[in-house]
Each structure stands twice: as structure tokens, then as C-alpha cells.
Amino acid sequence: RDYVSIAGSSTVLPFSTIVAEAAGKRPGVKTPVVESGGSSVGKKGACTGIGTENIDIGNASSRMKVSELDVCAENNVEVTEIKVGYDGIVLASDRSGPELDVTREQLWLALAANVPNAEGTAFVPNFYTTWNEIDASLPNIAIRVLGPPTTSGTRASWEEMVNEKGGCKQNAAAKAILKAEGKSAKTCRPLRTDGGYVEAGEQDNLIVQKLQEDNSSFGVFGFSYLDQNSDVLQAAKVGGVAPTFEDIAAGDYPVSRSLFFYIKKAHVGVVPGIQEYAREWTKHWGEDGILAESGMIPMGEDERAVYADAIENLPTLTADMLD
Amino acid sequence: MSSDLLLIVLLGIGAAWFFASRRAIVSQGQSRGGIKAMHSLPHYYGFWAAIAAVIPAFIFFVVWSAAEESVFRSLAEQYFPADRADDFRPDIALTQIQNVVAGIRVGEVPAWVDEAALAWVRWDALASNALAAIVIGMAALLGFLAYRAVNPDFRARNWVERTITVLLAACSLVAIFTTIGIVFSVIFESIRFFGMISPMDFLFGLKWNPQIEFGENAGVGVSNYGAVPLFAGTLLISVIALLVAVPTGLFSAIYLSEYASPRLRSVVKPLMEILAGIPTVVYGFFAALTVAPFFREFGQSIGLTVSSESALAAGVVMGIMIIPFVSSLSDDVINAVPQSLRDAAYGLGSTKSESIKQVILPAALPGIVGSVLLAVSRAVGETMIVVMAAGLAANLTANPLDAVTTVTSQIVTILVGDQEFNSAKTLSAFALALTLICITLVLNIGALQIVKKYREQYD
Amino acid sequence: MTKPMITPQIAAERVARGVQARYARERRFQLIGKSAIGLALTFLAVLMTTILIRGIPGFFQYYVQVDVTLDAQLMDPRGDQSIDSFYDGNPRKIMQGAIYGLTGAEGRSAKKEAFKLLSIGGTDRIRNMVVNDPSLLGSEQNLWIAVDDDVDSYLRGHIKRATDEDNRRLSDRQLDMIDDLVDRGLIQYKISNYLFQGGASRNPELAGVKGAVVGSLFTLAITLILAFPIGVATAVYLEEFAPKNRLTEIIEVNINNLAAVPSVVFGILGLAVFIGFFGFQRSLPLVGGLVLALMTLPTIIISSRAALKAVPPSIRDAALGMGASRVQVITHHVLPLALPGMLTGTIIGMAQALGETAPLLMIGMVAFIVDTPASVMDPGTVLPVQIFMWADFAERMYVAKTSAAIIVLLSFLILMNAIAVVLRKKFERRW
Amino acid sequence: MDMTLTTSEPVLTIKEPSSVTEKTVGSVHVDNPRMQAKNVDVYYDDKHAIQDVTIDIGANEVIAFIGPSGCGKSTFLRCLNRMNDTIDICRVEGSITIDGKDIYDPSVDVVPLRARVGMVFQKPNPFPKSIYDNVAYGPRIHGLVESKAELDEVVEQSLTRAGLWGEVKDRLDQPGTGLSGGQQQRLCIARAIAVSPEVILMDEPCSALDPIATARIEELIHELSDQFTIVIVTHSMQQAARVSSRTAYFHLGKLIEVGPTKQIFTSPQHELTQDYITGRFG
Amino acid sequence: MDMTLTTSEPVLTIKEPSSVTEKTVGSVHVDNPRMQAKNVDVYYDDKHAIQDVTIDIGANEVIAFIGPSGCGKSTFLRCLNRMNDTIDICRVEGSITIDGKDIYDPSVDVVPLRARVGMVFQKPNPFPKSIYDNVAYGPRIHGLVESKAELDEVVEQSLTRAGLWGEVKDRLDQPGTGLSGGQQQRLCIARAIAVSPEVILMDEPCSALDPIATARIEELIHELSDQFTIVIVTHSMQQAARVSSRTAYFHLGKLIEVGPTKQIFTSPQHELTQDYITGRFG
């Protein structure tokens, strides 16, 4: 194989392809082939098998877990972790619709499959139908949020950051019930399936368009779609912070995550162009770069320097680095 | 010798034996009293010799080429350094060697890799020469033997035709192998799935809600793998699609075949066929952004709550897509109803519509069933429209105004989305596929029985 | 003999009584037929109009006229006119100079904003110019350079000045610059030369369908080369040679069933067999073609069998009676007569293959592939996949590009059908 | 007996009827005509298939049309209930009346016409429906019966008259296509008489049947002849002789001779008729 | 003359040939047989379509097979060049020889057999090719000619012998399907004789033709009879009388009577033959 093969997160894909395209402009370099598939495909792909029938680089919108790194170890594969930037997950609606300023806890109550009952004694299936039932300050419209299906990493991140960390772990009643029942806060993650949350497929553009058809609905998607459609969409503030470029980069916006790719070290020096592709990232991942232009939130200077260095030296990712 | 060139040479040898044998038989025949005295026409002798020369040699070529690389790879292992580091990876080393052979040098290349690559190039040259020699030799020899065997009593035509028949039969096995391949590519995963989820729960469970079950999320949510809502959703959407496609398609077919002038028919039929060729993404957008809001607003205006994702919108648009399946195929079938039945009906004083409704359609029923089945297959297999317009929520409902999802769209969503190969969620896609194939099989056998039963009835 | 209960007179009366109503029913029935056709054609018209209205703009885009000097220093820093040297060059500087001149931008932020009006395709373009023809070094060129996709969207009216400045991707200053350029006639709406010459790109203004069209061609060629002969051979065997027994019945049910298998399952098969077992690379048009061929096969077999059945037995009898062998009967008489019907099935099958994405997802053809494949063994993608991916990119300008690609796909389809229809006509020479 | 063997040498010259209009030999008119054709010409596009035929069909008679292949027997027969309307290129000129009313008059409806003038075809063509539904089809579409009981009775009567009741009464719900050829043809006759037509047209109704089945149909025709007017086209002179009282001889689109069957077969007057009868051709 | 009118009452009782094997009346053997069928039985699945038929076909004779519809004439004819092989459910027992060689011997190739025993069908079925190619087809596939010139000659000769050359010589490259019915049938005969068969089988070759065309074909059969053995199936006794020297009468699968045509038609010996000849049925 004389081209780099990349697969993984659909969130990283747009940025990865921009870099791939730029890398391919060099004479004699074949443009890397970038496939989608989801973060776990990227992480797993990076960790399975050596040889040209396997991918060289896996993209991921969430960091590798120790358990996932174990797969690498099992397969005797060493990978290098490169962080490239951040992505915010936004809740947005049509500009003609009501503005929303919610906390993660309120979002959890609105969208979780199970919420504490009124007495706070047990989890019951979500009974909220309008936003103002959760808090009087919220608008009196039906809860209807369009978002990705269970096969999406974006959704998994949302569930973790909103339902678990921002919801159950903050809510006194929930904490009490969890403790009483001896369950972990993870069990708060699932989203409701009764129509308040609508699985709309992994077509974010379609969600954007549907929001314009129905201005009382909200949609969950990546920051870049908001960025491109800022004239028609308005984002809900979460915890009082609007998802702006600066606030996500500064880490103030609570629902954001890091984007990574993992290099299969053994392929470096075998498949041509791997390191060249990685280096190409460093040219574009700054505040003025084309990636920011497309909606990726850049890292700070220092972090960029760290990972630029990693690209040159290819340190092997180890379990203690992950903790 | 490169394999392209070798194949050309092989064809050349075949051609040479073709002409040689043909010539030989003609001159042999001359002494016996012309072509009439031979068993077969001269070119059959030619083809026989060509077949003898080319086909075995070609099979040898294919087998050799398939085996070559793995032989080289095992040979190359002798070049691996004796003192291997712990992290020495044979497969990567082999890739490296092959890269060097292909002229790709990345970074610094160890000396032994270069050596191995050089050896590889030697073997390659040797092997390709050997292969060329063997293939050419085989072709020449077998061709020669066939050429020698040529005599006017030799039943060349029979042999050539037997070869052709065998080839044809071999082709018909492709369909069988495809099925076997499909079953094999889903069965192991399905078995693993049924090891995790009981088949009873899967087949009769009423709730479908698989959660991501790996990584951080392992064991977090409660997954449900009851496939009933998916099959019910498939049924609901297919029924809606058929409610649109069958009347429209069937009435179009009837009008085109029984009333319309041939000219109108020749224009309208291909026009309608375009509907089947429009990419489904387009239908998806059409369904999600035009039809669904229309239904929602219409519903609101008469006091119904219609969700933006509704089976209705997806079904209607899917129905439009499959109209041509019903119209074109039914049109052919209706045309094929024997004129004698029409005559019988007209002879009794039926109006045209009476004869169509009571005689022609019943007689054409098997074919119409066939066309509808094909349309159903297409509807069942469709994903994009469903995902975009009906959502992915597995509601068990018969209300067409609700969001539902279908088996195929779940399969695609699961396989395309974030996945982990050992999670029940991913495996469930294979189990769904297997179940779906079994169901269509039963449907097809049923349809075949219907067709058989009715086929006995007329003519 | 019994006296008839209903005499002809009574019969005549009763018939006459009902006849008006029956004719009314007849008229209604015809009307339903006409409306059905009308409805189907209306759907078609609506869809086609939507596609055309949305897609036509995708064939055009906005270009800005710039004067550049291909400065040798900047373009060829090593001065040896080698490819490497050109790629080390800095054509960006040249473009910057040109656009600053045009807009009169002063100051860092203004300059930055001015430069953003241009597509980055411009720098590539001038580099390619000198790579292809080094003698141009140092010359002055008057070029039409594509504008950036945001500018394009503004000019198309998708981005409006009325929107709050914070909420749009172009600043007021940029809008002023654009309006000024338009007033001076330096920005024009022209046929896009990227659409057909460009490969996949993440810059919507540079994105084109060339790679996908070539990929589709390769894939469909493989599909056709495999599916048509194998399908016809299978049909001939089953129809003309195979004994009618259990095995052939199983084959028949099996083929019908294959026609009903969802296409994504063929993708699973392709992944398991061609990539897993035979070890082909992912994303190859060869593998895509193989998978689509297996998918198309049942359609071709079923329609070919119908066509073979329709050949009048008298022709077979005539040839057999002359002492033709079975193979001769088939090759001399039956196949030529059945070919049109076989082509019909092939049209339908190929049309479906042309529009498929689901099975290709499984074998890695749904991927971002920039380079146009040069052979069936190079990674490639196909038109519907391109459409599918473009439809999901965030940048606005992809909406028009997507619609244009849909038109390209439909043209491809109509062209393919037209060829088949012409072929069919040719063989249909009814004697 | 020796007429068939006048020569074993082939006959080389077949005369065409002279192309100037030549009057049909014999008496074309009858006293109590049910149908009357006057100067009928039929064209298939340019092909002049029937040329100036004038003939009466008497009430309750059995008339046979004979003549060599392609002479227009079927064509003329199909004009009598306007079945030719279904052929686009077919054009009929002249007048054909039933009980004095022109059936080609624009005001005439073909539907009731065909109910009055039924038709039985060469190849038995039962509908792919049950035996009962086959017979009930006509009464149903024409609304001839008021109740299910009445319909049952019509079906039974028709089948009885077609001599089929005994054979099928236990399996009325089985498909008509499952019957033997002869039974199918009788079913088609039953179907035709179920609408109480005045005239039944039969186009070579026995040509696909074996002799035993043929004999039954002939017997049936004989029985039906006292209630219906029957026009039968046949290739077999023997059959014409057996079943008909009048015979019309067609030749290349012209009606050459008409007369009582006995007379046509024993003393044909026109040379062509004679040649045909004596087997010089045909 | 009065035989056709022995009765105008329908005949109700058609005797079946007794089912115990009954010997065929008349002399089934000839002095110089070209083909010989011995105790031939043919079955379609269970249906016993031909029962124990033994008959010789003499060299250069014209033999006619007559009998009512469905009696097995076509079935037996098609056994003679193994055209029945194409029907899956058809099974032939007994022996049929041509020039003493059993044609059902497993070692026999049907291809050359059918070149020796040609066939002309009921409905003219020219190939959808040019007139020239229709006639040239046989010589080409059997490799009968060495050169184009020779082929041209064979085509011309065959068309001339089929009496068609004059009519088509200027349009040999036009489609054979464009000819009239009678011309098409002569083309099919030309096509059959182009391979110089020894025997020509004709299954009702004139039934789709008008009398003028029929006369030409009969004339042609007459002319061909001095070079070929011709077996002709016909529905028309007159035609049998005109063209054949020997006639075989079949009835419900049995060969009832064989004899010189003259004798069969003037003094049939078997009762069934007599009934058929005198028009009591058929």
C-alpha cells in the first residue's frame, strides 16, 4: 500500500480530510484515504493488527480508555496519541424560536430516560413534557430534541457530560437515590426514547434543516454546524455560557471534548506518508488555520507544542499516561 | 514475463492452435471428401484445440498467482535477523520487504530488508519465468495433443458444447455460492449474538433499545433487543409504501397496457422508470423536508398530532420510488395475458373495465404478485429515506403518524455507526440480517406456491 | 329441455337497465387510470424540477479576476525549476499581493480578511501553472480565481447583510470589499470548472465529481463485465439445459430470494469474502464492482429468463428440426431474440447499482478519497457516495454542489439507459 | 365415393372468384331473418378481407360457414357481434341488423349487443375462475338476476343445457381450467347461454377437440338449435353436414354460395363450391 | 357423393379402438423401407399417446397420416426424427430405424439424424433472418459446402426446387418473415431440402395457407416425391388423397389401418376408418 489509510470518528473526519487533502498536494504523495465509522472503530483500528490490510491511523473524538489500550497490548501494537483540538457539542434551535438558557442538570432532567420522582425517592421514567415543567424560567414548549442515534460517539459524550457528570452527580436527589440503590452514576446516562429525544440519524445537516422547519425543536450536533449556520441558528446557553469559539477553547463551555488521532507506530516507516500527514496537522491547527475556519476549536500554544513534539518523536501511549 | 503479457501470449497460443487444428482438419477432410465427411465443422476442431490449450493453463495460472505471494513470504523469513528484538514483527517486516520491492523506501531500511527484497526480486523473476514457461509449455503441449487427436471422426462439436454447458452450469452456481457466502458471513456473528441474547427475547421481545455497551459505557444502560418493533415498523412502512405504489403503479400499468396508444406507452413507461433511478438521498431530503412538514402542518390544521418523523412521510415517499417496479413489471404481465381471455369477456358483453377487473387482473395475479414482491424487497431494503424521514426510534405502533424504524435502517445504522465488534449491539445487526433473509425466504417460497397454484389455472 | 328462466326479452330489458351505470363505471375506471399516470408523472415532474432548480446553480460559481506576476523568486526559491523547488515556493504571497491590490486592504486584519475572500485553490492554480510550464515564470497573468465558499454563499444570497455581523461568517468590511469588486465587474458568475475537473475536496468551491465519476465508471464496468455474462449464462443454463428437478427449483427460489436481500447484506458479504478472505484492500472499485455485481445478478437472471421464455418455440423447433444442436439453437437464434429483454433487466439492475451506497459503506468505499483512481485497484469512491458525503458536510456551498452532483448522477443514469435503449432497439429489429 | 379421388395428381389451378362483383349463388334471404347483413365489406387496413357479402340468418336456424383457410369466415362471424371492434385496424362497411336494428349504428351499445349475440371460440377459453363463476360471470355483469338463488338457478340451468351439469355439479367451486378440453368447451357454451342470447356464434368450436368430445358438442348444438340461432364456422364439411340446416360457402373474402346444407353438399351450383366440396382443394 | 350426408343427426357413439392390442389392418410393411417403426409406444408422463405402432415408410414414397384431432399423428411424426427429445416428459419405446440403423440407439447423434430426416411445421416458421440465410443455415451448420459459390448454388437450387426462386431471387437479402404465408412455407421447405435429407416430415404444412398457396405446396410435394421420402400429416382427407400414395389412419393413439391411398379412401376395411372417411366424425 502506498497511501495512508485512516478511519474513525465522524467528528474528526471533516478535519482529518482537510489535512489529508492538504498533505496530498505534495508531489509524489498520495492523498490519505479517510473513512468514517466512529471513534471506537478508530481506536480499535489503531490497536488491531499490523500489516497493510489494517489502518495506519485511527481518529477518535474521545480519549482512549485503559481498557481499549489493553487491546493494543494484546495485539502487540504500540500507538502514539495526538490530540488535535476540541469540539463543542451544542444545543441549538432556529433563530425564530425561543432562546434557552439551561444548566446541564436541567438538560439531564429534560432528556434522560429516568429522572428522580417528585419526592426524590426513586428513579421513574421521564415524565417531563415541556421545558417549563423542569424550571419555570424555561419556555413553555414541548421538549423535542433531535440528536444522533445510539451508535454515535457524540451522543455517548453528551450522555457522559450532561446526564452523568452534569446531572446525576450534581443533583442531590439523584445522588441520594443512587447511593441508596448502590448504583453508579453511569446508570443515569441513557436518553429517553419516548419522543422527547428524537434519534435523527447521523446527518447533522438534516437536523439543521429540520430545525428550520420546526422552530420549537432543538438539535444536538457539533460546533462546526453551528458555526456554518450561525445566521439561522441560535445556540442555547449551557450553564450560562454560549458555545462560542473562545469559550469552548477556554474550556468554559461545559459540553466539549477533545479530538484525537492514534498512530500505529509500527506502520511508520513502512507505509509512506504517515508522519508527513501528522506533520500537516501542525500547519493548520492554529487559530488562523483552515481547521479553525471549518469549526475545529484549536488547542492552546503549549499543548500544540507538546503534540507537535509527539509527532516527531512518536512516544508510545501507555496506561499511566491515560490516568 | 508480466502476467498481462503472459495472458496475451496464452490467448495467442490458443489462437494458433485454433487455426492449426482447423487447417489440419480441413486438409484431412479434403482427402476424405470434404467437410461433409467430418463429424463437425472445422472451427469446432479449432475451438477444441484452443480450449485444451487455454483453459487448463489458465486455471494453473490463476492458482499459481494466488499462491505465489504466500510462498515468497515464507521464503523471505529466512532473511529475518537472527537476533530478533522483542518487538520484532514478522508481518511488518514482510510489508517492509514488499514495499522495498515495490520501490517504496520509507525512512532508513535495514540491510537485511534490502537483502530480502533483492532475493524477492530474484524469486519474482524466477517465478514469473517459471510460470511463463509452465503456462506456455502446458498450452503448447495440451494444444498439441488436441491438435494430434484431431481427425474427421473426432466429435469436436460435442466436446466443445459439453465444455460450454459445463461453463454455463458453473455460472449458475455463482448464485448458490452468493447465498452460501451471505449465510456464512452473518451466521457466526448471529450465533455469537444469540449466545448473549436469547433468541426468544430477540424474536418476540417488544422493545428495541440497544445502548452502546463498550468502553466507558459498558453495562451502563439497559439494552433491549426485542426485534418485534423493527419488524412491525418495516411492515408498517412497507404497507404504506405499497398503498401508494400498488394502486398508482397498477392503475398506470392497466391504463398503459389496455387503454393507452402504443406511442403514449412508449413515452410514459421509460419516464416513469426514472423514478426508480433517482438516488435515495434525494428522496430522503424530499421526505424529510417537504413531505413530513406538509403532513405535520396538515395534521395540525385538522387537530392531529403528527410527529415530524413519521412512518407516513417515509412510506409515501418510498411508495413513489417503487411505483415503476409495480407499473413496468405489471404492464408486462398484463400484456402477456392471452388475448383469448379478453375475447371471452368481450364476447359476453363486458365493458373493458369489467373484463380488466374480473378477468385480466385475476389472470395476471401471479405476475403482479411477483412485481409487488420485488417492490416490497426494494422497500424493505431501503434505509436512507427511513432514517431521514421516519427517524430511528423503534416504537411499536400501528399509528402511521408516529416515528418508527425498520430492520434495514437499523442494520445500516449499527454497522456504520460507532461499533465494537464483540458487543451485542453490533452483532445484533447480523442477527437482524439473518432473520430478515429467513423471512424473505419464507415469503418467496410462499409467493412461488401462489404463482404455481395460479399458473396451473390459466392456459 | 327446460324453459329458460330468463328469456332473451327479459335479458335484453335487464341489460339495458344497467348499461348506463356500467358505462359510467367504465369512464370512472379510465379516469382512475389516467389519474394514476398523472400522479406518477406529477411526482416525477416535482422531483425533477426540484432537482434541476436546486442543482443548476451548482454548475456555476463566482470567480474574481486578478492580475498576478509569477515572480520567479517566490515561485521557484531554489531557482532550479525542479518540482521540489516549486513546492517549496510561496505562491500564497503572490495571491496575497494581488488581492491586497484589488481591495486596497490596509492593515493586518483588513489584509487577512481580504485574503480570505479568495479560495485557496488560487495558490495551487498558479503553482500548477508553472509546474506545467516553467517558461511562465516571471510572466504576468490575468486570471479568474474562484472566490471562497463563504463569499460565494453571500453572492448567492445565502448569507445576508441584514444578519447581525457576529452571526455571519463574513464581516461588514468583507461584504464592502465584495460589493465593491462586483461593482467594478471583477467578480463574475461563471460555469464552474472545478465541478468536472476537480476531485473530492474539503473546500466546497474546489470540490468536483471527477473522482467519483471515474470511480463509478470503474465500479460499474466491473459490475457489468461480471453480472451480464454470468447472469445471462445462468439464465441460459436454467432455462435451456437444466433438468427440472428439486435442485433447479432450489436455485430458482434462491435467486428470487437473493433479489430480496437488502443491499447492505451484500456489503457484509463483500467485507467477509473479498476483503476478509481474499485479502483485497478496502475502497477498491474492483471490490465494489464485485459486490454490486452479486447484488445485480438476480435481477439480470430473472429478467433474462423471462426473455428466454418469450422466444417463440417455433423458432427453436425450426432450428432443431434442421439438425442444429442445442448450443447452436441458442447462439444462433435464441440469444439474438432474447437480447432486448435481457438488456431491459440489465438496465434496471445497473440503475440500482449506480445509485447504491449501503453495500459500499461496508467495503470502505464511503471514504474521503481525493485522488482520482487510475485503475480498479486504486482506492476510489462513487457518485452516490459523494452525494451522500457532501450532503452531510457543514459548509453551505455543498448544498448546491450536492444538487449538481445529483444532476450528474441522473444524467449518468439517463445516458446509461439511453445506450441500453438504443442497443435494445438495434437488436429488436423485428423481422 | 370417387369424388375424393378424381385425381391423385395435384391440382395446379385454383380459380379466384372474378374480381368484378358477382352475385352470390343461391338464396341469401330467408323468411324470418334474425340477422341480416347487407353489402358488408371488411378491411384490415388496406386488406379487403370481406367483399360485399349479403346474407340473412334465420331465427332458430343453424347455419354453417365453410370455406378454405383465410377466406374470411372468422372475420365475417366476428362482425356479427362487433367483436371486430377490438381490432384497431379493422373497418366494417355496409349494414348488419339484428331484428331489424343496425348494430353498427353509432347509437348502438356493444355491451347489450354482445349479450344478445354470444360467442364461443375455437380454443376453449374458460376464465381462470371456478366453474360456477365462469357461468355466473355474464348474468352478474349484466345484472340479469336479482338474487343469489336466481343466479344459482341460472347457473344450473345453463350447465344443464350445455350437458355439463351432471359432470360438474359436485365441483362447481373448482377451477374451470381444470376440466378436460371437451368439458371446457361445453363450459364456454354454458357461459354463453347463461346470458340468454338470441344468437350464438361459434368459431370452429370443435377443432381442438377429439372425436368423442366433438360428438358431444355437435349433439349439444343440435339440442340448442330449437331455442337459439346458431352460426357455426367449421373446417370440416362433415361437421357442417351433420349440424347445420343452411350452409354458406366463402372463398377469398367473397360469399360464393348459400343454400340448404343438403343442397350445397349434393348439388353445389357454383364451380368453386363444387371444387371445394369435391376436395379439389381445401 | 351421399356419404357426407348419411345423416344430419349428430352421431352420438364414437367407438374407441378396443384396448386389447389389435393388429393394424392392412400391410404395414413395404418392400424397400427407408424407415421402419416397430412396436413404438410414446408416453407423455403417464399419458399413453402412441400405442404399439408398427409401420414401414418406403423409399421415395409419399405417405399420409390421417386421423381425428389428438390421435397422435404429430406425436408419431416427431418420433421419426427425435424432435420429441425436446419435450422433457415424452418417452419413446420400441424401435425406429432408418436404413436399418436404430435412431434411438444411445450412440446415435441427433444432429446428423435430423439432417437426414428434415421437418416442415404446421405454421411456417422461417428464421428472423434473410431469405438467403434461412436456406443457407442448414448447409452451413452441417458443413455441406466448401465455398461461398457452392453455397450460393445450393441456395438457388433449393429455392428453385421449392418453386420459390423466381419470386425471391431479387430479394434474397430481405427477411424471410416478410414473405406471404405460402411463400414462407415454401421457404421452410427449401430450407429443409437444402441439406439434402432423405426423408422430409411435414406436419399439416398447409393448414395455415389459403387454397392457392396450398395448391402450390401440393404440387411441390408431388415434384419432390421422386427424390425424397415424404411423410405428411394432414387433417384434410382430400389433401391426403391428392398427394399421397399410401395412407395411415390413426385413432386415439393407435394405428388402425394402413394401405394404398386409393384403397383406404375407396374401400376402408376397418370400421373406424370407414366412419372417419365417411364423415361420421372428425
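Chains: A, B, C, D and E, in written order; residue numbering restarts at 1 for each.
Methods note: contacts are C-beta pairs under 8 Å (C-beta built on N, C-alpha and C of every residue); 3 or more make two chains touch, one makes a residue touch a chain.
In this text the structure is predicted, and so the values were computed from the model without any measurement.
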Contacts common to chain C and chain D (chain labels): B, E
Path length in the contact graph (chain A to chain E, fewest steps): 2
Chain closest to the assembly centre - both centres taken as Cα means: B
Pair of chains whose C-beta contact count is the highest in the structure: B-C
Remotest chain, chain B as reference, centres from CA atoms: D
For chain B paired with chain E, centre-to-centre distance based on mean C-alpha positions, whole Å: 49
Length of the line joining the C-alpha centres of chain D and chain E, rounded to whole Å: 31
Inter-centroid spacing, chain D versus chain A (mean Cα positions, whole Å): 84
Inter-chain centre distance, chain C versus chain E - centres from mean C-alpha coordinates, in Å: 59
Residue numbers of chain D (touch at least two other chains): 111-112, 115, 141-142, 195
Junction residues of chain A - those touching two or more other chains: 36, 52, 202-203, 206
Junction residues of chain B, two or more chains touched: 157, 285, 349, 351, 354, 416
Listing of all chain pairs that touch each other, if any do: A-B, A-C, B-C, B-D, B-E, C-D, C-E, D-E
Contacting residues of chain C [partner chain D, same complex]: 1-2, 4-8, 10-12, 14-19, 22-23
In the complex with chain A, residue positions of chain B that touch it: 87, 89, 91-92, 94-96, 99, 102, 104, 106-108, 209-212, 214-217, 219-222, 284-285, 288-289, 292-293, 296, 307-309, 387-388, 391-394, 403, 413-414, 416-421, 425
Touch list for chain E against partner chain B, complex: 109, 111, 141-146
Residues of chain D that touch chain C when the two form their complex: 109, 111-112, 115-116, 139, 141-145, 150, 153-154, 157, 160-161, 195-198, 223, 226-227
Residues of chain E defined as touching chain C within the complex: 81, 83, 86, 88, 110-115, 118-121, 123, 125-129, 137-138, 141-142, 175-178, 188, 191-192, 195
